[in-house]
Structures are given as structure tokens and as C-alpha cells.
Amino acid sequence: MEIILAIIIGVLYAAGIYMILRRSLVKLIIGIILLGNGANLLIFLLGRITEGAPPIIPENSKVFLEAYADPLPQALILTAIVISFGLQSFAIILVKRAHKVVKTDDLDEMNATDEDS
Amino acid sequence: MLAAILLGFLFAILLVFTGKFFRGKLAVLSAIIPGALFAYFASFIPEIASGEIISRTYQWVPAFGVDLSFKLDGLSLLFSLMITGIGFLVFAYTASYLKGHKYLDRFYGYLSLFMAAMLGLVLSDNIISLFVFWELTSISSFFLIGFNNSNPASRKSALTALGITGFGGFFLLAGALLLGNITGTFTISEMLGMKEAIAGSEYYILAVLFIFVAAFTKSAQFPFHFWLPGAMKAPTPVSTYLHSATMVKAGIYLLMRFTPILGDQEFWNTSLIIVGGITMVYSAIHALFRTDLKGVLAYSTISALGILVFLIGLGTKGAFLAAAVFIIVHALYKATLFLVTGIIDHQTGTRDVTRLGGLRKIMMPVAIAGILAAISSAGIPPSIGFLGKELTYEASAHAETFTVIIVIAIVLTKILLLWAGFVAGIKPFVGKLPEAHKDVKAPGFLMWGPAIILAVLGILFGIFPKLIESALVKPVVLALGADASDYHLALWHGFNTVLLLSGITIAVGILLYFFVKPSIKLENRIGKLEFISPKSILEKGTHYFGVFSAFWTNVFQNGYLRNYVTTIVLFLVVLVSYILFGTAGVTIDYSKLSQVTAYELVVAIILIAGVFYTVFTKSRLAAVAAMGVVGLAICLIFVFYSAPDLAMTQFSIDTLTVILFVLVLYRLPKYLSLSDYKMRIRDGILSVSLGAIICLLALQVLAEPTNSEISDFYAENAYKMAHGKNVVNVILVDFRGADTLIEISVLAIAAIGVFGLLKLRLKSTDRSQ
Amino acid sequence: MTQQLILYPLLLQLFLAILLMFFWRKISAQRIISMIGSLIHLAVSIGVFAYIWNHGTQTVQAGDWEAPFGITFIADTFAATMVLLTSIAGLAVSIFSSGSVISDRLRFGYFPIFHFLLLGLTGAFLTGDIFNLYVWFEIIIISSFVLITIGGEKAQLEGAVKYFTLNFLASMIFLTAIAVLYGLTGSLNMADLAGKVAAVENRALVEIDAILFLIAFGIKSALFPLYFWLPASYHTPPSAVSAIFGGLLTKVGVYALIRVFTLIFVGDVLLDQILLVLAIFTLFSGALGALVQNNIRKVFSYLIICHIGYMIIGLGMFTEVAIAGAIFYLIHDILVKTNLFMMSGLIYRITGSNSMRALGGFYANYPKLSLLLFIPLFSLVGIPPLSGFWPKISLITAAFESESYWSLAAIIFASFITLVVISKLWAEVFWKDVQEIPARPKFRYFHKIRNIKRIQIVVPIVFLSLVSLYVGFGAEHIQILSARISSELMDSQQYIDAVLNSQKTQ
Amino acid sequence: MKSRFVSNLLLTFVWVALTGDFGFPNYVFGFIVNFFILWVITRGNRDARYFTIIPKLIAFFFYFLWELFKANLQVAYEVSTPHYRMKPGIVKVPLSVQSNLGITFLANMISLTPGTLSLDVSNDKKVLYVHSMYITNREEFIDGIKNGFEKRILEILK
Amino acid sequence: MRTLILKTASNYLLPVLLVFSIFILLRGHYLPGGGFVGGLIAAIAFVLHAFANGLDNTKGLLRFHPGFLMPVGLGLAFFSGLTPVLFFDDPFMTGLWFPEPFPVIGSVGSALFFDIGVYLVVIGVTLTIIFTISESA
Amino acid sequence: MSSIIIGILVTLGTLFVLLSAIGLIRMPDTYMRISVNTKAATLGVGLILVGTAVFFNDLSTTSRSLVIILFVFLTAPVSAHLIGRASYFTGVKLWKGSVVDDLKGKYQKNSYILKSEIDDTPEDNVDHTKLDDDNK
Amino acid sequence: MTLTDYLYYVILPLLAFSVLLIVYRFIKGPSIADKIIALDVLITTGIGIIGVYSIIHGRSTFLDTAMILALIAFLSTVAFSYYLEKRNRKK
């Protein structure tokens, strides 16, 4: 499965960047979300995956009795997911405002700040 | 000695706060400072003449080996006296010249700053602190040259001067550090003993080149000379001070200071002779084509500096002697001529020599000063100029190679300089007084006094050379590493070739003066050749450099976000694939990977289908819905691989994101497809390469052995020590609780940001505040 | 209580941020809390610095979980210095903000976010955990997103879209790098990683991971060719915001680069070469960019990029002298860049413009202010003995020692262009005759605002100018500090011991 | 007051079911938690009425299951055979139930039964618009609903 | 949305979802769940209510601006981490636990208060964002 | 024994899910697709979860399974109603074989107030011919 | 054949096949409502898959995720409907 997950991650990275490279504001956000998912899955995969063994200590035991998945990457991803959520919400609103104020859908037309002034 | 240097700085700072006080009649009082300093340095003459060297060292930044160590030997004494002596006269002169000027206090501030920096420069025995003062002279001269800063030309020449001398400054720093690197010390007097080591070092040429660039830029040597005529935009006291005795001589000082360390090498000598030679001839010729008095003086100054460089390059005892004398000669007559020019300009309002004449009738004392200075400049006996010229010819005639060319060059230069001296010192005073100048008033004593003093000194030292011989000249030669104790300065050395050359020079020079009058026609004629001058080449260069800068900047900072992203991703792809494919080689160890199962495959397929649909659909809403499909697939992946917490969070957050999208979606732009086909292909290739690289990288990493030390610790202690069984949650709230605390702060900030973005509407008056 | 001392700057900032949120609409109270809090923060940071200086590197294991299992906070001399600089710049900008940021912005959380930003910076300097560093980076970028958009003007929003996207990209690359690092070593503690990364057999993967870190931090620190977000956005927000951005934001990227490349990825020739090449191009591009700008804030923006090159060139040469130079430059640059952006704000307040073409006559009209502004401007140029000069001694010396002549050329080139740019700026803004800038009705010109506000705007500039004068004239102290930091960085064993062996000795 | 107490009790049962811990402390804790929640949301549902007649509910449940199963088979047949035999359409069903809860309950039951879908309730709460796949006889269809689900719901909610 | 069905359903779903969210919050230390997910579910409950009943009704229900939960939650989380520093001179965020486990909840310690802080912040943040957007959409 | 019960429950559930999936493909218009799916999938999942409850045979799992079933059965019809109604006024047409449309002309344009009788203001009402979909 | 094998080799592929059909409908549309309903069914099916999966692995923990799915999948449908209503009203 690792190989499939690796391909999925590759697809998410590729799609994320591809969408960011479009000129449309909405596509930019979607690209950001896809890229974020890709990065999270990468942590997940590289922290090594285990099937059917959540890192939860059984009810009547103080330690794990059998194999368990590495909990640390999961905690990291949780943190990353929540942070990405904050960033994405902000991005969505930023784009909405930018669209309203700058009055363009086209990122290519948002280059006034790079021009000499 | 530190106090002596700091005095100028302190005075400058004082002026910031007490400026009003010195703006009025009391301005002349500020001359007390250079005057006192002159007296202070003059008191060292006997000691220095007897061969002593006075040193003082103050700790500053020992961590860098940078001290404020000062050394007063013959060379620095001569310069100190010129700096303070001429400084004294210029300070006094200014009080009258800029009388009532709104910013007189500032002017004195810059002058004092400059004087102090100059003193520090010539007294420093630490090459880094020398550099510090060197830069301070550049920056204070920037302010002096740009004093009339409302005039664009003035600003431009200040910028040019700072640009050129600043440019040279960096080379001085590089040279200093290189020398420090070779010798292990920044103290100049310690370097003296390491002459051989330096010359033998593989970095010798480089070090010398660095020092040369510094000296040549500061002392206006070809092809860096053109900032100097431009600097004539400054008020005349500035020109007097900077260009006769001080700033432009800093480069000369530097070369002299390093002669005993770097000199006596073929590269050193030949380069100096060539550069000095070209400079003196080139600019002496140029002087011929000027009508502005200050222009004439500027070019003759450059030429004189060329002579000095040339003499240092000759490197013989005689040459050093000639250089030492010529420094004094030049300081005296050039300062006089500048002062005189300043008076003329101040009284008549013009410096155009073609429109000047007969002024002796109005300002006799000035005329006397001018004529005496011209005589000295022409090297006519009994002026000290004659002495200087004789010594120069003597040294040239003893040059080891290309003697004839050298002699012709120096004689030609001297002839032209005679012309220049006469034009500046005599021409305005003789002949008929133009109608326009009938009502010109005579200048006050504060103006002509300093000129007369300097002019008279020029004659006095010529008649009584003993006055300066052992006091000033010989200690300089000693400081340059030669012993001239057996030599005696005198006007008369009997009939010889040198005297013959002198005669020819004076005769031809005077003839030239009578036959070639300065004229606009001449000036325009040379103007046509301006396009090949270093100045215009540099200006063109600067222009194209600006064009290039704009081009380079706009290539990268082109305003298109997608290009920025492309560059970054391309950079990543290229670097990573270089290592991945170039040095490592990709191998995938399938044995370490687990089996692919059917339902996993299906999850993968729906995820990829969702992604592709998101990317290629033309509807925003469908794209958002497809993101939901992707989110569900990821959630299922988390479930399949034992991460229920993640699955829950991922799904909740996905749903919230969908809600967010939906709430703003109809305010968002349409899901446009703006890129053309070619761009899509290009971006597609780039994105796919990134995806492929990440995929391969992941597989490579998976083939590496794992280390579960940390997760084992968590598993072991989650319940026993942290009282929890959901290890993920225990990590989040306990083992790595700090992460979580920050993370919720991130959320709170995002919420505040959203709130502000949507609710804050600035009134139009508050825009951009 | 001294055991926890190094956490106090962090805890204080977090406390301030939360406290300020409780005072949401009471902006006068916010101003006072922010200024007093920043003052206390400075005092605490000085305390921390003094303690580290006297007692050496200190660590705190958050949650009392021994390293490498919990999150380690560690203050070596480098970190303590950065925290101190943050508090100095923070205090200055806090006062400056009180005077210059309009109340509408303050009503929407300016001060809480500002202190969250300082919190993030402090945390990034103090953490000894790579993922924790990521989280601090996120708090920094989200705060900066909010600060850069607060007010939501057109230019701000345009700049912010780029700023956001590229910084988000950096975060993702950072995350990717952490994923690879964790996959290779199973650890996140930086001291622990130092040993574990060295033990990884597949060096190519380590190299690739280092490249990923380089790009992630390179974007943050505005290295060539990753700097685009900076010139696109730094001139758009209120100048108080630009000030803290210009002074500290890129520097935290530099800090991370230095940290990671002296502790975890050490001794890789290829990486050092890449760093050098990037640094040289950074110096070059930044300088050229600065040369062609007209808006003074844009000039400073490009100069930020340019001067990042000095620090990275020091890291790339990787000798003790070179890194000491980089550190010295870092210290100098934080103070001066913060000051310069505040200065641009002052100029804007006075004239209503930041365009060099439009401005003029400053020297004639505000001589004392001009002399004040001379200090940061020419400190930046490195006119000796002002602060920017000294680090060049180390850098050029290092260039000779490592025979890196391209570096030498780049250093001289960049210094020269900086000189040209700043003197041109001086001539235009200060010397040129005053131009008629159309008066803006209702604009809160400097002469129209209350006295206390004027003081709040000028005092921080004076304060930072004095500090940079101290750096210049007291270069001895700074150089000793830089050299000590450099030697600590080059000999990372003591850092590792402080983290991993502290429990064993207790 | 009474209804709030009842809902509090009901929610306590939900809580206990969720946690799967039937110990007494859990009841107490669940009660406290739910009391707090009701305190927070109290304004929204003053007109709340809860089902109290458990047997009727159970009977209804089995009736519903039967309807569900029956209709599912019909749909299964439809889906798995090649030709369409449907006569779909939207039918207006007049409502006898008055309360919001009743209407919602009815509409949902109709939706849950295969082949029919409650599209919307008119704003005056008089009619329910139902989409059905088999409208052979319009009146028969309406009667089926009125005598089936609606009747039972009216009984329960009485 | 003017739909009676949704309105009625959401009024019944709201308390259920809130109960559920607290349930998820409290069991997080033992089973999947915790402050994040709990907070998200609580927020989603209110959002659902807002969709069905209109924003003003939901806001009326809450009685205070949801943004207020952010400093409260942050303060709680911060304070639970600070307690060991202030009172026990232990490092920041050191876990403090009551010696005996409580019924239902299990062991009670600073981590629980921390998680409650997280819960409040997540509710505050999510609702602030969504309410703000709804208001200005 | 319990395995067989579980097997039957899960198999039935899965078949219902499959049925709804096929229905989703086969049904000719959106309303019928909604109609088919809301139930088949719901019933299917319900059966699978009953199977799960039987399998684990403990209180906590059973109660969780029941809660899921409850949630699914509570929300599915509401979803169906929402999406069905939205389909109607966004202009999704009934299958050509439909025999009756009592809803026609009863949604007021813009406000989507739904009337129980057709009144005399037809110009206010939703007009299917002029609405388009996001897809187009 | 054990129960686990049966679930793994018969039931899961069947559910997977259902998922593919649903995704097909999602992509095909044609109306946005079809996509939304497909997404809804997909999530419901996901709940079923999780149920089966938890039997296979004997870990009831996964049901918690199913619980979340059941609860909040609803909300995205609500949101989409809300959008459709708002969007059309705006026209």
C-alpha cells in the first residue's frame, strides 16, 4: 500500500502546485488545500503506516499488548491539519476580499505592488 | 593626540546644538580650532626633525585587532601641518566668503568633521582605523561638495565623488584585510618589518592592486579622475581645502605610507609611473581647454597629483625628495589660487576667465597673491616652485628606463601647468578691466589675508629652503624609507641639464601663455571628444547598468505570482532531482512495502478521481464537492491506517472548509480557465515532475531503517505517567502540549484576521496610514 | 525560579497577547499594556541574556519530559541574543505603533496579533525541536498575514495574496522536510537529530532533506531566487508592521538556516557551495533591485534581500570567522532595518508620501530629524565606524581565508551599491528642494497629531539609533559576542550535551 | 419547565447510551452536562414537545421497518430490471398534522420510504409536496400516506 | 433557509450534537476524540442551527460573541500550563494530576483543563469565522 | 452462530448499498436518484452497523452503532428534502415520463416562499426555462 | 472461510464496487444536485465500509470515526443546498 499512498501523495502535490499556478483566485485556494493534504499524508506515510492498530491502549491494560501505529506522526498531522485549517480559512476570506477590492478574478492582474510606485 | 583628532568631531557635534551662535559674526572664532591644532602639531617639529617617531595607542576593538593607534612621523607631521594650517586659513576665509549664509554653521560642522577625519587618516598607524577615517573623509566631503544641495548639479557631483571614492574605499578595506591576513597584524609600523614576507606572498599583486584602486580613486588618477572637476561645484573654500592639500592628497599619502611596505617592486613602480604619467599629461592638456577658472585649477590639480604618483613610482631618493617638496609647493600655490579664484568669483560673480581682466585696479593684494602663486606654480625662481621643479626634473632624468619619454612627459606637463598657473593667477588681474566689473568692490582682509600669507610663504620657502629642509622635507623622505640627510635644498645648483630644461619650460610656457588664450571655442572643441572620456564612458556604463538592473529586477520580480511559484518549484525540482538521480540513483525496495489490497486501491482511485475532477472541472461548486470526495478518501485512508483521531479531525475540518467555501463562493470569482494551452502543458510538466519527485523521495525514505525509540517511550508512558490511553491525545495535550498551545493560538489569530478582513472598513481618509 | 528563566520571555508574550484580547475594544488600555509589557519583556530578555552569558546554555524540558521525548526549549548565546534583539525591536515598534497606527486598526486586534508575532519569534529562537519550530513559524506567518492585511486596502490585499501563497508554499516545503527527517530518524529533537542524521547511511537523502530545509527557510529569509513575496508586499502595510517585518521576519529564516546548517546538516560541501552561490546572487539581485526603486520602502525591501546575502555568505563559507561575521551582521541588520521602516513611516507622516521623486527638502526643513535619520541610513551603508561596517571585516577576512573571491566580489559589489542607493536616497529625500506633494485633506500629518503621538513616533527611532550607535562604537562587545556565538555554533557538542545530557547530570 | 426537565432526562439517556457506562455517577454527570447545554440553548425551542408514548413509538418503528423493507424490494426490482415501469411525479398531499415536529416526522418517514421523497412543506403548513415513483392513482397515493404514516404520527403526538 | 423540516430537525439536533461534542471532548484522553474534534462538532452544531434558523437566532442563543471564547480558552490552556511553573516550580506544562480518578471522566489533571481550553478556542474560532462570513456575505 | 447472523446482516446491508449505487446510475432523473438513495444506502448501512453491534457484542459498541444508525436515519431524509427542493428551484427537470407536477409554479421567485395553492402572480414564480446550472 | 475472510474478499470488494459506481455518478452529474447526492451516498457508504473494517480488525474504535461521519456529513449537504438557494436568489 505504501506505493499507492506514495503515488497519491505525488498526485496531491502535483495537483496542488498545478492549481496554484493557474491564474484563478479560487483555484489558488483549492491548490493550497490539496498541497496541504499532500504534506499531511507524507508525514503519515513516512512515519510508517500500520493497519488496524490504532495507538489506543486497550481498556484493561496499562501498556500496549500488541502492535500499534506510531502515534507521533498522527499528533503532528493533527497539529498541521488544524493549522492548515486556520490558514485556509484566512486564505478564503483574503481571496474574497481581494476579489472584491481589486475587482479582478485574474491573479495576473494583481501585480500593482510589484510595479514601481 | 586622540584629543587633537576628536576636537574636530566634538566641535561638529557642538555645532548641531549651538549652530545659531556660530552663524553670525562669531563664525571666524571657529578658526581657533585649526589654529590651535596647527600650533600643537608645530610643537612636534623639533622632535620629528631629530628622527623621533611619536606613538600613541588607545584600545578600541581589540577583538578585531583594531586599535586607535597613532603615529607621528615626518610624513604624518607634514600632512597634519597642511591640514591644520591651510584649515586655519580656510576657516577664517569662509567666515567672510559665506558671511551671513543660512547654513554657515553646518558648513563649519562639515569642515571640522572633515579636518578631524583627515587628521585621523594621516595619523593612524592601524590600517583599519586608517580606513575608518578614510571613509569619514569621503562622507564629510560628500556633505561639503553637496553643500548647495538645492542645485541638481551640485547633488550629482557630490554623488559622483562619493561613488568613486566610496568605491575605492571598499578596495582599501579589502587591501587592508588582505595585508592583515598576510601579516597577521593591522598595525602599519609592524608591517614595515615584514616587507619581504609581503612581497613574497602570492597575494602581493592583489594587495597592491587593492591599495592602488583606493589611492587612485581618492587622488583622482586617470581614469578615476573625473569626479574632481565635478566637485568644483562646491563652494570655493571647500575646493581650496579638499583639493589643494587634503582630501585628494589622501591617496598620495596612502601610497607614500605604503611605499616602505609594498614599494621597491617592479609592479609597484611601473604601475605608478604609467598611471601617474598618463594622468599628469592627460589632465594638463585638458586644463588648456577650460575657461572656468576652477576648471583650469581642477585639471591642473589632477595633473599635479599625477606628478606626485609618478614621483612615488620612480621610487628613488631624489624622487621622494622631489615629491616631498612638490607636496608643499602644490599645497601653497594651489590653495592660494583657489582662494584667489574664490575672491574673484565672490566679488565679480563670474569665474569665466575670458570675461575677466584688470582686476588689479580693484583688488591689488589679491593680484599680488595671484601673481606670486602663479610664479611658484610656473617654477620661476626664487619661488619654492622652482625648487620643486628642479628636483622633479632631476629625479626624472635619473629614471632607469624610458628616460627620454619620461623627461619629455614631465617637461610637457610642467609647460602646460605654467600656462594654467598664469591663466589662473595672472590673467584676471592684467589687461583692461571689463565694463561689467567697474563697480566691483574690494574684498575684506579676511578674504585676501589668507591668500597673501600662503603666496608669500611660497616665495619665502624658495629663498630660505633651510626653513623647511630638515623640519619637514627630510623627515618625509625618511618616513618613505630613504635617507636624505646628505642632501641640501638650494635654489642654485649650477649649470646643468636640469637648469636647461627649466629654462626651456619657462620660455615655452610663457610663449604658450601669450599665444593660446582660453576660449569657448577651444573648450567646445575638446567637448566633441568628450564621448570617449572616462567620465562619459562611466556615465554610459552607469546608464546601461541601470537598464540592466531594471531588467534583472523585472525578470524575477515580474508581478506574476505564478512565475514566482514556478521559479521556486523549478528550483526545488532541479536541485532535488540533481541529487536524487545524479548522485544517488533511485532504487525502490519492494520487499519493505506491504501488499496492495482491493479496497485500498479503490480508495486511491476515488481520491485520484476526485483530485482530477477538482483540477479539470469548470464549475466552482463541483470543484468544492470534489474536494469533499478527496477529503472523504483521505479520511478513509486514516481509518485504514489506524488513525481514528486523524480521520475525525480531517473530516470535520473538511466539512467546515466546505461550509466556508459555500458561504463565500458566490462572492468569489467564476472558476475561470485563464491560462492558454501552452502554459497548461508547461505547468503540467512542472507539477508532475514535482509530484514524481516527492513520490520517489517518499519511497526512498521508506526503504531506510526506522527508529521507534520515541514512539516506544510514548507508548510505554502514556498511561503510567500521563494518565491517558489515547496516545495521540496524550501527545497533543501533554507530551507535546506546547505545540498544541501555539496551534490554538494560530487558530485564534486566523479568526481575528478573518474578523478584521471582513469587518474593518477604513474611512477613505485613513487609507494608507 | 531561575530554572525556568529562559521561558519567561515566551510566557510573558503569550500572557500579553491573551490579556490584550480581553481588552478587545479598549484601545487606550491596549496601548499602555503593550508598551509596559514590551518594557518588561526587554527587562526579562536582558535578564535571560545576562544569565546565559554568565552560566552558559540553559534548557527547559516542557512538561518535564526528558529530551528527546518532549519539547525542549534551549537558550544558548545565539538564541538569547536573538530574544534580546526581538525585545529591543519589539519595544521600539510597540511604542511606534502606539503613536502611528490608526485606532481603527487597533480596534481589530492589532496589538494582540503584534504580541503573538513577537511570541512566535521568541519561540522560534528558543525552541530545540524541529516540529515545534514549524509551529512557531506558523504563528509567525499567520500573525504576519493578519498584520499585513489589517485594514484591507487594495495594495495590501494584492501584496498579501502573494505573501500568503509563497509563505504557505514555504510552510509546505518545511513540512515535507520534517516528514523526510522524521522518516529517516524517528526524531524531532534537534540535538538528538544532530546525532541521528549523522548516522543515516543514505547521505543523498540527507542532502535532499537539507535542500528542502534550505528552500523552506530560504523562502522565509528571502534568498535568491525565493524572495519574491518580500518586495511584493513589504511596502503595503502600515510602517509599524513593515518595521517589525523588515527587522525580524526574514531574520528568523536566517536564524533557522544557521541553526539547522550548523547543528543538523553539517559538513556537506555541496550544500555550502549552494549556499554560497545563492548568497552571491541574493546580494546581486537585492542590490540591483534597490537601485531601480523609487518608493523608499521598496528600496529598503530590496536592501533587506541584499543584506540577507551577507549572512548567508557567512554561513556558506562556514568558518568561525565567517559565521561570526554573519552573526554580527544579523545583530546590526535587525536594529537598522527596523529603524529604517519606522523612519519611512515618519517621513510618510510628515509628507504623506514615500516616493523619492516626490519627496525633498527634508534637510532644510527638519535638520535635527535628518541628522537622526542619518544614523540608521549610513549605518546600513556601513560607513565606519557605524554598525554595518564591522561585520564586513570578518566576512572579507573569511573570504580571503577560504579564497572565495566571488564572495569577496559580491560583498564589495553589494556594499558599493548600498552606498550608491542610500546616498542617492539622501540626495533625493533630504537634499533636493521640497517638491509640491499635493496636500491630502484630512490626512493626519505629523504636525497635526497630538504631541504625545509625535513623541511616540520619534522616541523609538532615537532609541534604536542609539542602540545601533552602540553596536558601532562598542563593536568590541558585539564582536566578542558574535565570536562566542560562532564558536558555540561550530562546536555543537555543547548544545547537544545541554539538551541530551542535562538530566543525567542532575 | 416540565418540558425542559423532560428533555433534560431524555438527553441524559442519550448521554448514557453514548458513553456506554450505565453506572449511577454517569447518570448524574450526564444530567449535569445536559442541564448546562439546555441552559445554553434554551431560547430556541420553547415549543418543544417530546414523545412520551413509548409503546406507540415501538409499534410505529416496526411499521416503518416493514414499509421500508417492502418499498426497498420494489425499488430493487426496478433498479435491477432493464425496463422502467415507473410513473413518477410530484403530488400535493394535504396535511392533518399541525405541529412542526409532526410535519417533520411525517416528511422524514415519507422520505425514508423508498420510492417517495418529501420535497417541501408549503409555508402555510397546509400541504406537503411529495415526489413519488409510482403514481398509478393519485388519490390512492394520498390516502396511503394519510392512513398510514400520518394517522400513526397523529396518535403518537396526541 | 425557509424550510420547516430543516428548522425542526436542527432544533432537535442541536442539543444532541452538543452532548456529543462534550462526550467527544471528555473521552479524548482514553479514546479517539478530544478538544479539537469536540470543539469542531460543537461549532458545527451551532452552524447548523444558524443555517436553519438564521444567524440572529443562533447568536441570541449564545448570548455573547463567540470570539470571547478565544481568550477564555487560550487563558485556560495557558493557565493550566502555567500552574506547575507558578506553584510547583516545575517546567511549563508539566502534568499535574489529582491522585484519585474521578468517576466517568477518569483521571483529572491539568491536561484535561488544557483540552477544555482547546475545546473553547476551537468553538470560538470556528464560530467567529463562520458568523463573520455569514454577516458580511 | 453469531458469525452467520453477522454475515447475513452485513451481506444484506452491502446488497442494499450496492442497490443504491446501481440506482444512482440507473435512475433517469435527479429526484428519483435522491429517492432511491436516501433509503437503500441508509438501510444498508443500518444493517451493516447492526452486524457490527452483534459482532462486538458489548454495550459501548452497541450504543455507538445505534447512535450512528439514529444519526443516519435522522439526517438522511432531511438531506434528501433539502437537496430535492434545491434541485427543484434551481431548475432540475423531472424525467420526461413523469405524470404529474403539483409543485409547478408554487415557489415564489427569489424568496422561495412555497404556496399551497397557485395564486394569480405567475410572473413571480420560479421559471424553469430561465435557470441554468453551475455546470454550464 | 472465516467471517473475516468473507468480509475481506467478498463484502469489501462489493462495497468498493459500489463506491466506484457512486463516483461515476459524481463525475457524470449532470446537475450539481446529482453530485451532492452522490457525495452524500459516498459518505454513507464510507460509514458502512468503516463498520465492516472494524469487524475485520476487531477494533471498535473505528466506529467513532463513523459516528462523526454520520453526524456532520449532513452539514455539507445543508451547506450546498444553502448555496444553491442563495445563488439563485442573488440572480
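Per-chain numbering from 1; labels A, B, C, D, E, F and G assigned in written order.
Keep in mind that, in the parts below, a residue touches a chain if its C-beta (ideal position, glycine included) is under 8 Å from a C-beta of that chain, and two chains touch if they have at least 3 such contacts.
Predicted model only: the values in this text are computed from it and were never measured.
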Self-check item: Path length in the contact graph (subunit C to subunit F, fewest steps)
Solution: 2
Quiz prompt | Far-end chain from subunit A, centres as C-alpha averages | solution = B
Quiz item: Does B-C or F-G have the larger number of C-beta pairs in contact?
Solution: B-C
Exercise. Select the chain whose centre, defined as the mean of its C-alpha atoms, is least distant from the mean of all protein C-alpha atoms.
Key: C
Quiz prompt | From subunit E, the most remote chain by mean C-alpha position | solution = B
Practice problem: Could you please state the distance in Å, as a whole number, between where the Cα atoms of subunit D are centred and where those of subunit E are centred? | Solution: 30
Quiz item: Quick one: subunit E and subunit F, Cα centre-to-centre, how many Å?
Solution: 31
Practice problem: Averaged over CA atoms, how far is the centre of subunit B from the centre of subunit G? Could you give it in whole Å? | Solution: 70
Quiz item: Which residues belonging to subunit C are in contact with no fewer than two other chains?
Solution: 14, 21, 62-63, 131, 135, 138, 142, 145-146, 149, 152-153, 161-162, 165, 169, 176, 180, 183, 188, 231-232, 292
Practice problem: Any chance you could list the residues of subunit F touching two or more other chains? | Solution: 22, 34, 42, 58, 60-61, 64, 67, 74-76, 78, 80-82, 84-85, 111-114, 134-135
Quiz item: Can you list the residues of subunit D that touch 2 or more other chains?
Solution: 18-19, 21, 107-108, 118, 120-121, 123
Quiz item: So in the complex, which bits of subunit C are touching subunit A?
Solution: 131, 134-135, 138, 141-142, 145-146, 149, 152-155, 157-162, 164-165, 168-169, 171-172, 175-176, 178-180, 182-183, 188, 231-233, 235-236, 292-295, 298, 355
Quiz item: Which residues of subunit F touch subunit E in their complex?
Solution: 74-75, 78, 81-82, 85, 111-114
Quiz prompt | Residue ranges of subunit A touching subunit E (in the complex, touch as defined) | solution = 54, 56, 78, 82, 86, 89, 93
Exercise. Would you pull the subunit C residues touching subunit E in the complex into a rising list?
Key: 1, 3-4, 7, 11, 14-15, 18, 21-22, 24, 60-64
Quiz item: Within the complex, which stretch of subunit B touches subunit A?
Solution: 557-562, 565-566, 569, 588, 590, 592-597, 600-601, 604, 607-608, 611-612, 614-615, 620, 623-624, 627, 630-631, 634, 637-638, 640-646, 649-650, 653, 656-657, 660-661, 664, 667-675, 683-684, 686-688, 690-692, 694-695, 698-699, 701-702, 706, 708, 710-711, 714-716, 718-720, 725-728, 730-732, 735-736, 739-740, 743-744, 746-747, 749-751, 753-754, 757-758
